[in-house]
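Here the chain labels run A, B and C in written order, and each chain numbers its own residues starting at 1.
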Amino acid sequence: MGQTLVYGVLNGALYGIIALGIALVFGVMRYLNLAQGSLIILGAYGILFLFHLGVDPFASMPLIAFLLFLLGGALFWASFSRLIALSEAGRIKNSLLISFGLMLLIDNLATLLWTGDERSITPAYSGLTFGIAGLRFPLIGCVGVLSALVIIVALHLFLARTYFGKSIMAVSQDHEAASLMGVNVNLTCLVSFAISVGLASIPSALIGLKSFSPTVGIQWFNKGVIVVMLSGIGNINGVFPAGLFLGIMEAISVYFFGAPYREVTGLVVFVLVMVLFPKGLFKRQEL
Amino acid sequence: MMLRVEHVDVRYGDLQVLWDVDLEVRQGEIVALVGSNGAGKSTLIRTIAGLVKPSGGTIHYGDALLNDKPPHTIAASGISMVPEGRRLFPKMTVLQNLEMGAFLRKARPQKETTLDWVYEIFPILRKRSHQPAGLLSGGEQQMLAIGRALMGRNDFLLLDELSLGLSPLLVKQIFDVLVTINKAGITLFIVEQNVPMTLKIANRAYILETGRIVGEGVARELMESEHVKAAYLGMA
Amino acid sequence: MMRRRAWITFCLAALCFGFLPALIRSEYFLNLFLMFFLYVTVAQSWNLLGGFTGQISLGHSAFFGTGALITRLIWTAGVPIVPALIAGSLSSVVLALLVGVPCLRMRSAYFPIGTLALAMIAQITVANLFPLPGSLSRGYLTGYSMLSRYYLALLVAMLTVAVVYWIVRSRTGLALVGIRDDEAAAEAMGVRTFKHKVFALMVSSWLVGLGGGIFAYHQVSYYYSAPFELSWSFLPTLTTFIGGLGTIAGPILGAACFLGLSEIFAISLGEVHLVVFAFTFILVVLFVPGGLMSISTKIRSLTARIARRATRV
């Protein structure tokens, strides 16, 4: 049981990081980016490619983050930017549709480029574990938790302390009022979208070190969206605890129902919450 | 001439709301725009601020043509706005709202002195500075909205329906503040339903009815006009 | 007038497709047309909910899969196909009532991800419960006739088109379109929006369940989770949008394009048609909300205008 919980926490941190990117665009623009999972997998292929050239996955992460950032900016510029003028419901629906198309596009391009085979990145340290108090801790999972913490604190400081971060907060609360303050709303949205796609690079590395194939992106998106919903839409600070919660719930369910139903747990929680609190948990909260 | 609006038409889709609107505001003036509900006052003020694009005509601020500029550029070129319904950032504190007001590059270096000035005008805001804006009373929110606009250090202020939902005493207090602000060198363009109060502090006024300017003049003279008396001052 | 033209088109199509097997014997083409009927069924039933009522479902694979699963189980247990098909499609409706209706209670902007989650739950659960592929036994294989599959699929597709057409032209259809265009306004005008959405979902899941039954009747051997795969949710969304959301001809056109494209590219490369379709889908959502249908109307009005100008000169 203790060991199961350890894995739950480690997975939960990963879910938290995935959710971060989704929460950011949803909080600022009410865009639901269904393609976030596919972008993560795309990043994983990038890291794998560099790994074959001899680059350590964690060393290539910054470069992949930058490339994904640029890709995110380009995607926003070419498509998502056209939705800004719509109503909130219109933005959710249309962003969902566009990102749905994008997801299929990326997944199938990835299949064409790299086949549908399962891949994984395997540096020498990938299987390492260490023991504390009789429990085993996989090294990579712990790096995941650490990077989740670092990135969440960094993002929080960025949003709270810099002028640009403040303008993101302002746009998320009232974009028209923000524009009256002199905030360039389009640019702010573009950069937040690019940041959220750039943030995909961290789960890219972590998932890449496990295993991935072109079509698993949607499953990771689902983890992220469940976490976003649990933490309350737009509440960036709640994402990490909500991720841990989901991870631990899954671990407990594996303990009782067996591994095959792990994926179902989160989805059932998700549907239940949506049905029981159709407005409640999706209500506007912080950010 | 500071602001010059010429032959402006505005439409929402197929629905035309403003027809051939002409008006001007000179430096240092207080100019009022009065009219009944749905006349298009907010539409006009939002068009000046860049939130709505005119379908025809021109809007000049100084020498700059504003027509196709986005709102943030218009704010940077010197026009601030207190929008209808206040439109504060509800989850930010009072102080954070004021800081957002000083987002413009030229306002940033003077942020601290402007903040002191705003606190001097509205002492209550200093007391509430760490409270979320969404939890303020209506009057406090209106003061914060004005304070936030002042933080931008612009010379020109557009004000939409400040008196909405406020007690007469508070309205008087806020109008006094407007006079103070104007004396400090800020030009004001006021949209109001509270016509007697507005005409008292304004230099000049325009009357907007169903999307057209139907009258203009020196405020004191308009107060004497039969049409205004009948339609807006409740005197038959 | 409009109604008569629709009738004539409908009867002509029934005649053409009905006599087609007399002309074309090739198993390949019969298969291809069967797939076309299946895609039309799935896309048109999706269109009733997504296109006419404005509730974009990404969970139709769950209803399709349930129809397939139950039909297959009952049919292979020895019941004739038609009762099995009816039972299978009704079980889709039951699933829709149990789990789809709660999703309709969510804000409609979240309906797509709610239904997507349902589809994923269904897929994983079925894959766990039935880990092995189901193959037809010898007795079923010897009696296997392509023609009966062809005609049943044709029947179901025609039924789907007719039902959707009939609903859309009724008062109920007006209410559905009202909900799509402005739910609050429809509500204010006295339309009981929730009831209508449930109705659309039920009919839609019933028809797509019939489609699932056809799949189960047609395929010789497949993993029970195959009809639950998310692609059965994605397919109707793609084809209907590209063909023309909220039109009767749109999904048919979209399905034909999809099938044509996938056949063209199947020879050379695997997934190209999906790449093309996904890209087209994005373009349609962004720039051509009416899909191919709106382009054809535009072209028609353009040619009409040119013709008019020509006659005037």
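Simple rule for what comes next: a residue touches a chain if its C-beta (ideal position, glycine included) is under 8 Å from a C-beta of that chain, and two chains touch if they have at least 3 such contacts.
Since we're looking at a predicted model, the values are computed, not measured.
S.K.: Kindly list the shared contact partners of chain A and chain C, in label order.
M.R.: none
S.K.: Kindly work out which chain lies most centrally, taking the average of its C-alpha atoms as its position.
M.R.: Chain A is the most central one.
S.K.: Where's the contact count highest, between which chains?
M.R.: After tallying contacts for each pair, the winner is A-C.
S.K.: Find the geometric centre of each of chain A and chain C from their Cα atoms only, then give the gap between the two centres in Å, rounded to an integer.
M.R.: 32
S.K.: In whole angstrom, how far does the Cα centroid of chain A sit from the Cα centroid of chain B?
M.R.: From the centre of chain A to the centre of chain B is 42 Å.
S.K.: With centres defined as the mean C-alpha position, give me the chain B-chain C separation in Å.
M.R.: 54
S.K.: Would you mind writing out the residues of chain B in touch with chain A in their complex?
M.R.: Listed in rising order, the residues are 49-51, 70-72, 75-76, 80-81, 83, 87-92, 96, 99-101, 103-105, 108, 148-149, 152.
S.K.: Once bound in the complex, which stretches of chain C touch chain A?
M.R.: By the definition above, chain C touches chain A via 56, 58, 99, 102-103, 105-110, 112-114, 116-118, 120-121, 124-125, 128, 230, 234, 237-238, 241, 269-272, 274-275, 277-279, 281-282, 285-286.
S.K.: Where on chain A does chain B make contact in their complex?
M.R.: My answer: residues 163, 166-167, 169-170, 173-174, 176-186, 286-287.
S.K.: Sort out for me which residues of chain A touch chain C in the complex.
M.R.: Its residues touching chain C are 32, 34, 79, 82, 88-89, 92-94, 96-98, 100-105, 108-109, 111-112, 218-219, 222, 225, 260-261, 263-264, 267-268, 270-271, 274-275, 278-279, 282.
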